[in-house]
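Next up: some structures, all given as structure tokens.
Look for subunit A in each of the two complexes below; its partner is subunit B in the first and subunit C in the second.
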Partner chain A sequence: MDQDASIRTILRKFVLEELLLGDSSSMVADDASFIESSIIDSTGVLEVVSFLEETFGIRVEDREMLPENLDSIDNLAGFVTRKQHVS
Partner chain B sequence: MLVNQFLQASAERFRDKTAVVCGQRRTSYGEVETVSNALAHALRDACGLRRQQRVAVYLENSVEAVETIFAVLKAGGVFVVVNPQVKSDKLAFILSDSNVRVLVTDCHALAAIVDDLVGCADLSDIILIDSSETVLREPIADAVRLADKRLHRLDDLVATHSGIRPHNPTISIDLASLIYTSGSTGMPKGVMLTHANMIAAATSITTYLENTEDDVILSPLPLAFDYGLYQVLMAFKFGGTVVLERQFLYPYRYIELVARERVTGLPIVPTISAILLNLKDLEQHDFSSVRYVTNTAQALPEHHIRRLRTVMPRARLYSMYGLTECKRVAYLPPELIDAKPTSVGVAMPDTEVWLEDEQGREVAVPGEPGELMVRGAHVMLGYWNRPEETTKRLRPGRYPYERILMTGDIFKQDADGHLYFISRKDDLIKTGGERVGPREVENVIYELEAVQESAVIGVPDPILGNAIKAFIVLREGMSLSEVEVVRYCQKRMENFMVPKHVVFLPSLPKTTTGKISKRGLA
Partner chain C sequence: MCGIAGQWNPSGVQVDVDRLEIMTRALVHRGPDDEGYLLQPGVGLGHRRLSIIDLATGHQPLCNEDEKVWVVFNGEIFNYVELRKDLEKRSHRFRTHSDTETLVHLYEEYGLDFVQHLNGQFAIALWDATLRRLVLVRDRVGIRPLFYARLRDGSVIFASEIKALFAHGHLDPELDAQAIGQIADLWVPIPPRTPFVGVEELEPGHILVLEPGRVTKRQYWRHQFPRVNEYEDRPLSYWQDGLRGLLEDSVRLQLRSDVPVATYLSGGLDSSILTALVKRHHINDLTTFSVAFADGRFDERAFQQTMVEHLGTDHRQVEVNDASIGHDFSDVIWFAERPIMRTAPAPLLALSGLVRDSGIKVVLTGEGADEVFGGYNIFKEDKARRFWARQPNSTWRPALLSRLYGYIQRDSRGQAFWQQFFGKDLTATSDPYYSHRRRWENASYVRRHFNSDFQAAMRDSQTAISELDRYLDPDRAKWHPLAQAQYLEMALFMSCYLLNSQGDRMMMGNSIEGRVPFLDHRLIEFAARIPPKFKLRGLDEKWILKRTFADLLPGSISRRPKHPYRAPIAACFSGSNSTLTSELLQPDSLRRTGIVNHSALAKLFVKAGRVGLSEREEMAIATTASLQLLHHHFIDRDWKAFADSCRRPAVESRSFLPT
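Our next item is the complex of A and B:
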């Protein structure tokens, strides 16, 4: 549980600083889709992937680059947790 | 012949065949026909739409967007597709500029734009595509009614109107669509296209692509972009299937769709191939169904062409060139792609092109540069309500009865007559497949109080082709950060217009007359 909370904190900070460029008034809820909220574009997805790889030391396979894994803070947290358990 | 007859003919031939796949939905030609018939009746009877009045479609790629486009044509109206990324004030500008009567959107988008809609005097009706029946009781509905506009739900309109095809007095010289495009003046302008224009373009393109009813096209391109719109129009013309994605965000999802739907046609822009070719295991995926790949908007780099040829050896690769003002001009016959990878080839069927020098003389010498001129039935009528800008782009033709299109693009031809793009005459930036007028970006940057001067240019970028770069001189004693500039621009403009690079300079280079000179900026 603690680990999940700390992953979420890191992810929220990334979303706020890198995707929203620090604009806290536009901050999204954990379950909000990045696509629906129009806060991500195709280069943004690549940013998310390299952030996960660098920060959490996981390798994101091509086949894992899917909205189910990457399109909200909830999905990202679940994905990171699953990946860390495997490795 | 009318554009809506593409749907009519396919619905008669292939009533139960899947016309559109979007997310979880699969919709047949018969369903699109029936729903758009009912919506056409509703546009006339419930919204009071009259012949040739404009209806704006402000939606993500969706079945509803496609149904609306055809419904508008069936009702004798003119559709205006606006990119859902467009911000509220620009949307309001477009709605007012083209005197839009009816807006079709969803509740989420409406919430962001409702304040600006008040000023759109001609707008009388708003249709929401949301499936929720309570949507008309949301607080947003009161705001709309206060602004004296009627609010409808798409499902209600369709349920209460006849699915039988309405009588339609439209003829082929009537307008079918206004497509808004970025201009060098800083304001977008509506390209006026008749049914005859659009049919000419769709016919020519499907001829050289050799499309058949067995084709399945996967399009992540927005319907507001003519390249995306025509994927739907053309598929409906030949009775194929179009798989719509909202955007190109998740490359693996795209690849899965190619295999799952046995996609035969992939329309791309270089940004899409750059992201695909970045994947570590691209070669292991199944592209065996792909019969052709098309590229337009920006030249595909040679190394993309070589990789795509290896990944999809069976696919024919079409390098093409066009502009919204006539949709498409030229294509390279795919058998020449390895020999002439940087050429966009020859005029497409039923189109005539030539180059002219600055004195208006035809350039006949291979290798000599000149502006590309276009004759054809697909050339636009002009820009909506912009006679001056129209005369800069259309001028009296070779024969007294016609006007020809001056593309503003400088090309050269080789000894075989194949075309090579050199540069633009104006300073429009081609980025991620979009055209961006630097003035429009500069105007937004000037809204920041700390900005004294600003100049925006395009710089080479491996993913986007060109990236937008802004140079800014600050007012004395004021400060501003790169992040603040980008954040402000994100609030005011579509993502593709937001500068990727921001540089602060003590001054900008000037011409002798004191105007900002972009030469030397990089």
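Our next item is the complex of A and C:
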């Protein structure tokens, strides 16, 4: 499994188990917006960022708190890969 | 529900019956219906009864088959039906149908472990004549009170309320400045400390055993949470099913009563869930009670009305205002027996008066749900600050705090200040008091309103924290941050303040028994195992509770953000409301007492009239006002005259058991 695939596996598990509480019928595609799908509300970003920091050992800066980085599995995967590449 | 009192004399010398009667009758408000006594060499037990279960034969003290084990008790054993069945199988013979009688047979069967079998809220005094052993027990979280003091002659007196100990006549009332200092810092005195020198409370979940030559105290129950990484991995449905089953069963047991039961309906989530469960499953013609505030900032009657219409209950409310709170505050302190930092108990005393006038003796309340399921802002604040602490330079992260406290949003100019406030010691996340440190440091502002001599006697805040370290469970360091914060709220604020100053005392002051189904110990233990993510989801409080019972409630109630229960303070004691309290806050009275710095207090009242006060300034006023009242009611009182007033028989029916 390449690195991107393993990151996506971890992210999908997080979305399903922690954000959707195991409700697989509500599971979304990798490119679906969390906010538009009502998976998280505005404070739910706290959970997403906490998860990234604890799981991948990265630090999320204020300027990175953008939908392009955080608002779908695709965006998260790209963001984590870029951050890990930098560090 | 009742009041108990008694004396234990290790030398075996006969207890003074006159003083025993006085102590017991000082508690007449807790038990207006009946009284009874036991006198045996070395011990005297007294009981005032509020008849609720087994009206005909529930008289106390009660004994076992051979009259070797006797008991008086205050409270309810909710699982007494099940316990009795089991004990009868083990050949115990019952004389009554009361829950009280299960205690003596359980003790015969299991010895001191009998308490592990009890589901209830209780303060128990049990006498084992064979061993000449007196056993005092208090329920797991301190729903019912119990105090004791050691006298100079080596005997021990105990009672449901402190006033009974002073009425005895051999204990001089003296304020414990260190306890007052702890209240200024932590909002509570650290058990077993009370506001009075020489008076101790029996800690919740503890059993005290007094035998000739040996006095031992041990903890039989404690709050326990999983270690931070050891929560069970189970689906949400498992936790929801367990929660629903346990709360429904707790409500079923707590409705056991031979007199009608009503509920308090605040308009918030917890009492709404509780009332809905009672109405739907048990009592169709349910009566509900609530407080309404003339001051709209505190009033919740629109939400109460929503629930009343949704459920169709017979609803009654008492409206309180600044003047009525100012007037009632004196009685509040007489019953609460301690300084308090807020006036919020006063409306609840008025409410229990309405319950009594309605001919009802028992009410169920939603107390405990905020602690057990994570409802308070302080839990969210802790979570948001820990999140911010991982990126202290972030400006986005602290903005989460602005969702918690409306005043932050209203005043953008103050932003720098509140960021500084919440940012202090931001990264000290390994501090075992991280969740509460900001609140405590803010509260200690109250200390500045005491005279310098009294401040010195209070000792510093670090001394209080060291004492707290010794009282609390060292295992808590291994728990999840939310569990640690919940534990502090439960062990301190809930057990040492809410359940008594705002709960038991404000109800018993009007001879009303309160019951708290959210604090069934099975539910507390189960909820402790629920992973934190299901309690505080994002910053959404009591998430699993709302989700599990949403179908019982209108959306406007289940989706409603938590509304903290508060009452006005400074306005209640201003000069325009002439009450005992406002008189006691005049410079002459303050000088006479010598505790409060009257110029500091005067400045607060001037400021209150001009621009209004901050929360901690209001708390300084409530604390000093209640301290003045405490002095008036307990230090200045002529206890001999009080004892004389207790001598008059309060009821005709009374009995002395064989000596």
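Keep this in mind: the second predicted complex is superposed on the first by the 86 of 87 C-alpha atoms of A that agree within 3 Å, B and C clash if a C-alpha of one lies under 4 Å from a C-alpha of the other, contacts with A are read in each partner's own complex, and residues count from 1 in each chain.
Basically, a contact is a pair of C-beta atoms (placed from the backbone, for glycine too) under 8 Å apart; a residue touches a chain by one contact, two chains touch by 3 or more.
Please read these numbers as outputs of a predicted model, since none were measured by experiment.
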For A:Asp41, select first, second, both or neither according to whether it touches subunit B, subunit C, the two together, or no partner. both
Who does A:Met65 touch here: subunit B (first), subunit C (second), both, or neither? both
Looking at the overlay, what does A:Leu21 touch: subunit B (first), subunit C (second), both, or neither? both
Residue overlap on subunit A between the subunit B interface and the subunit C interface 21-22, 40-41, 43, 46, 61-62, 65
Per the contact definition, I'd like the list of subunit A residues that touch subunit B in the complex. 20-23, 35-36, 38, 40-43, 45-46, 61-67, 70
Show me the residue ranges of subunit B that touch subunit A in the complex, using the header's touch definition. 84-85, 108, 246-253, 255, 271-272, 275, 278-282, 463-464, 483, 486-487, 490-491, 495-496
Touching residues of subunit A toward subunit C in the complex: what are they? 18, 21-22, 40-41, 43-44, 46-47, 49-50, 53, 59-62, 65
Residues of subunit C touching subunit A in their complex? 235-236, 383-384, 387, 390-391, 393-397, 400, 403, 533, 537-540
